[in-house]
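Both complexes shown next keep chain A, but they swap its partner, so chain B is in the first and chain C is in the second.
Take a look at the complex of A and B:
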């Protein structure tokens, strides 16, 4: 019996690319975890520690406030993720059948593409004691003191961290859900359920929570857990917005690893292992929350109420929308105004005088970081795109899910499910052992680890939607698989391909920790500079950097949109002779 | 150029889906009918070379006595047409046809272009070379799609319910026209359909598949 269609040399190339992609995802993460686990167990030859024991962990538990740090990481991460998911579902439930959905995506997309660091800095500008909102609500300057008390920035409970994470993660969760819901098979099912639910008298919002969400949720569980792991372990948001004494564990790990005293590395490594533990615990906590919702959800389903407190849910959704619009508008205004302000005394809402001085300074200073960012972003995103395209192409036509594809989908989430602050240090340790001076190579690998999954997830949706019959027709015309790939598939998928490339750029632009650690500060990017400036003195330069951070990914997506409208479009100039022939053929058919 | 399916058995997992032993003569249009799920489309995938797990087959597929099993899909010389025209939207009408023409056969790109124009004129679609395919009517698209298939000079053609999306009046015209073109070129064809009128008009052998 024959079952597998014969494969040619192009297929060998694509399968090779798939294994290369798997290696790029798995090896750095596994090496990184090993590299951080060894010092945590007391093995760190550089300072003469050669014995395996648990004393490092014991020492860690004696560090002042360690329990508060762990609690802060766990609490902010879980609370932010659960809140963001609930809000995203509330928004979806109100808008999933309406044309507002596309407008909603437009309002939320600035938050999606703005790097976490940029979003955190923007929030500081809005919420700090002399920030924009304080200006808005302070009508005489004697109220400054009371304004100070009312602002919760850098609070010891981590509320400001939660706020920033929620604002940043809602758009991501929403877009993941939308992309699942627009898969042809699922879309068909949802439409059917909607008709059946409406016929039974359920309101659209009730249908979303009772019929649609149960189909969609399993498909976004993994991305949601990736969001959660990021939330409990990210560095830039608590570094910029969070409390200092004590900070979250991830921020503490950053300080300990960078401590002049090398022996602090042991403590940092054991803390990184604890950080992995926190992530695992958070994942189980999240799954427990999901179980709870499912349990009560089933009882709720059986009760058969036709509405789901519709009014409260719509009100929440519109309120959220207003919050986003206000935040986007005031952030854009504040950042731009700050970057041009000569003098802007509190509590004035408009700066007294404008100047190009800050921008001139920025233009001089930003040249190197900007060219570094672009060089890194373009090379990383382009090679990730090539690898991902070839990997997707290695799947045979009409194939059922195989074990290899399961390995791939697990590997894709590996870098997103292992906290970066844990494995990146281990990775750096290995990199310094092997190729000490190949800084660009190291930072390239670290970026690839984060860019590949997003490029893959973004393109896989389009590939799944692609009508395979185009490929079958092209092959049946005698065109080789390689030519079909270049001449048919790429042109027909050019839109999604360019969007995936722009997404890869945006992800690379936003990397803070991977860039900082693998280069040891030798290569500065716009994002590392922005974070450094946020801790520094000049609010104006900081504002200018956030503006650049926001504009860069938008340029990428704008370029993608424009190119996809220009590339591979046949000339559509219908001349008069063509028109007459149209008339003739319409008659004849 | 006859197409022979010799003791062909198609399996889904280990279960037998269908078995067939038939020869389609040159210029004959064989009709395969049967309910959905009976394996009609899978049969076409076997012949075109797109079969994959969980399906497998035994027996042989021969064109003029040459076995296709070891050949890649693009080396089989088997044209496929679906219910949608599936014209490549990033190419003009002319480019779609030139994409299909054998690459070594024409001395220059201009000769190739002339040949495409001749093909179009022969079916009253002259002067449409530079149109975007999205600007064509449904009937025009169907005809260009068949022209594209024929331009590749296939040794056999598979038709997967190619007329089912056209409205009734148009369907008869396009059907007659398609069958005439295939017979004129003496190409063996295999037609999968639900429509009895298609089978009658094809005028060849009729195979009824039973549902499993």
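Take a look at the complex of A and C:
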């Protein structure tokens, strides 16, 4: 292979872009962690705390129920991630070689693009004692909805939180795995293993668990850990579905940070440090679970059984599929029906009448949040896309593992592996010190931190698949690297680029905590409004906002798909092969 | 679209009350300190006026219009201007004040100017700055819409004219001798410094269909509420005490359960006083909690969720501080048609908002005329209309004449609205210090529910 070392001013631009991208990923997170660590150690000059000691932690441990909060965070997060991963593998093992796989992706995509907050609100509509399922199974028309026998929602074990997280994470893990499995090298390997396994009489499901998963798992370990960290530290889902006697630690942190009494910041900061500890502990717990599975997996492998309780696994997979279909259909029905409903008393399953009133209200109020959301989303996603493209371009063609690229691959997961509730508050503290009034800049930076990793991961797959010979031919004909980039690569990669842009939009749309904290509520977006309305008095407006939350990213992806087909017709064959793999790593944080 | 406005109206009233209660304590404290420092520094100087203007900065720049413009002088001006500084964040309130301005201009030839504030404490700061600047009779604020902490701050700094409220003819219609809430602002005696303008009082609302099918009487007292909840577990709950409505329920319960010690609530809280009133409160809540929605294990975080749970049918009984929001929620389909609103017969916690007259207003006589109009049955009835603002009248129905009462009658058309012709006893808000004390005691006993 020819090593073409790019030179000249274009190269300087791309290398500069790479360092800028690294700075954007690392500085806010590190600054944020320092910003919570100092107050946690008792240093918070604004309220006259200048001493470094551990008294803040001692005070934190005296808080009633603190152990329960920590346990609840850890338990819900780990249980949800392990369950989601297992279910995702079960689904994959049954469908990985079937045509059902693409249909599966369609069924799962609503849960994938819907922000966590939206998914949690949707579950409230379905599972509450007066929700759709309760209505479906109440046959006495004079019945009164009773909340005292219900198991779901706000239960003190956090089962509802786990349920919501599992439903939301399965599609993400599944699609991460599919995107790994569709990489040419790995795909080739899997095909070979599959043939060998089949020849030896192993069932397809057994082949998946014994031969395919061991190849795939190391590739999705980091995304899986990102899911785990999100699961133990997220705020939206426990806030909407979780218990409050006590709540998870993340919710308590949010409460303490927002307390009028500024001295509560100390306690909040120490709790945020504990939250980082929980995340680290959860990561190790997860790795231990993985080790356990590997250990027993090897023994299981050696026994050489040709089947892997195939029937039970198939049954589970189909059951899951049914659950998703039922959930998606009922959620879509309930949310849309609520957003148009006049009177709709329990236990009727259809509204008495329909009206445009709620949508009129929403349209009157949504313009500012919507334009904020779009402005933020487009600017963040576009600049992230430019930075990521240039960064990918800065890598030498034969992609040697330079120190910078190693740093890059770690930095990409940094924002996903440090709990947002921990570093965002520290970041806000720094933002108060520098450029206090530049609210848009701060929220832009906070969104970039979350958008860059996903845009990068999504585009890197396409870049890796890109046939270098196009570039080489162009270069050998004397075209400058910049011209090759603009005239050859971008047109050929326009499909994945647009999908990555749509993904960036979707991630930016879904940000709740980063938006709320960095703006102090000064800039409202559709998601912050939706979470506020989830607690509001109108179920109907809340439903309408969830619908908007779901439609916005779908529009983004639809537009990306349509544009990529319209813009560069000659490259359709290339974009279509790439499209299937790049639309997958969608996830909202 | 009309009902849409109604809901906004109800919401805005709530916002208005909260905005009134908000106070930039720090800002005021800083200002006070600056003024003290400034006057100490200024002592050798000649004219206190100039110096104060320079030290108070642009945010609190005393308006010099009155000094330079002889037209505003009440003695010479046949059409005096009364500047009413009031929170301007609500379209309903703003258009109501526009109506009021038209009326007083036609009736009394007074031009009422609504100075729309984003935060009431801005105006408080301005009057304080004027006082420090030695502007003792030509202030830029005539009337100010306040309550709670802003009033306490103005009272402390003697920024309001005293004893003028008894000159207002229509003030007698509030029946102040029977309604202590009309002369007490969050536990602070008003001493005639401010006149009541409107009120929000705690109302309860319920699903009539539920009570009919459960065959239960609607509870009219706090004790009856407990009996109902014990008979029919899960039909009632209240928000956590960090919520405004949640702590209000606790205040209501504390006052109702300590009828013999009610005076304790109207002076600053002491440990002794707290220990006197909590035993009966805890006994009551200990009995109530296990019977509540979700067995009391989960309590809603925001008041707004009560309405939602009534709407979905999970609750049968809830309460609110804005009676006007109930019928408008029915019209918006967020509440079912069988919802009925009532006030507890043992007393309703009332939160009154007031109009203060500044000590240095150059137009005191005209300002009093404006207040008299705003307290008239005509203006109060208009304000109470759901389509206008929906803010409760401060006039006591029992002292109104038949013709005055008739002005209110157009409003009882909505079956879900409260019957306002009934007068119910009102509990004034306890002294502001009780809020934190009760909240803390509750959290210690039942856990801080985040």
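Criterion: the second predicted complex is superposed on the first by the 553 of 589 C-alpha atoms of A that agree within 3 Å, B and C clash if a C-alpha of one lies under 4 Å from a C-alpha of the other, contacts with A are read in each partner's own complex, and residues count from 1 in each chain.
Basically, a residue touches a chain if its C-beta (ideal position, glycine included) is under 8 Å from a C-beta of that chain, and two chains touch if they have at least 3 such contacts.
Quick caveat, the model's predicted, so the values are computed rather than measured.
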Chain B versus chain C as contact partner of A:538, first or second or both or neither: second
Contacts of A:472 with chain B and chain C, given as first, second, both or neither: first
Touched partner set for A:492, first chain B, second chain C, both or neither: first
Which of chain B and chain C A:45 touches, first, second, both or neither: neither
First, second, both or neither for A:343, with chain B first and chain C second: second
Partner chain in contact with A:481 - chain B first, chain C second, else both or neither: first
First (chain B), second (chain C), both or neither touched by A:246: second
On chain A, positions contacted by chain B and by chain C: none
Residues of chain B defined as touching chain A within the complex: 11, 45, 48-58, 69-82, 84, 86, 88-92, 95, 99-100, 102, 124-128, 130-133, 135, 137, 139-140, 143, 148-149, 151-152, 154, 158, 170, 173
Of chain C, residues touching chain A in the complex: 1, 3-4, 210, 213-214, 233-234, 240, 293-295, 297-299, 301-302, 304-305, 307-308, 311-314, 316, 325, 329, 332-334, 336-337, 447-450
In the complex with chain B, residue positions of chain A that touch it: 1-8, 396-400, 402, 467, 469-470, 472-481, 484, 487-488, 491-492, 494, 568-574, 577-578, 580-582, 584-586, 588-589
Partner chain C, residues of chain A touching it in the complex: 64-65, 128-131, 142, 144-148, 150, 154, 156, 243-247, 251-252, 254-255, 341-346, 355, 357-358, 360-361, 364, 535-540
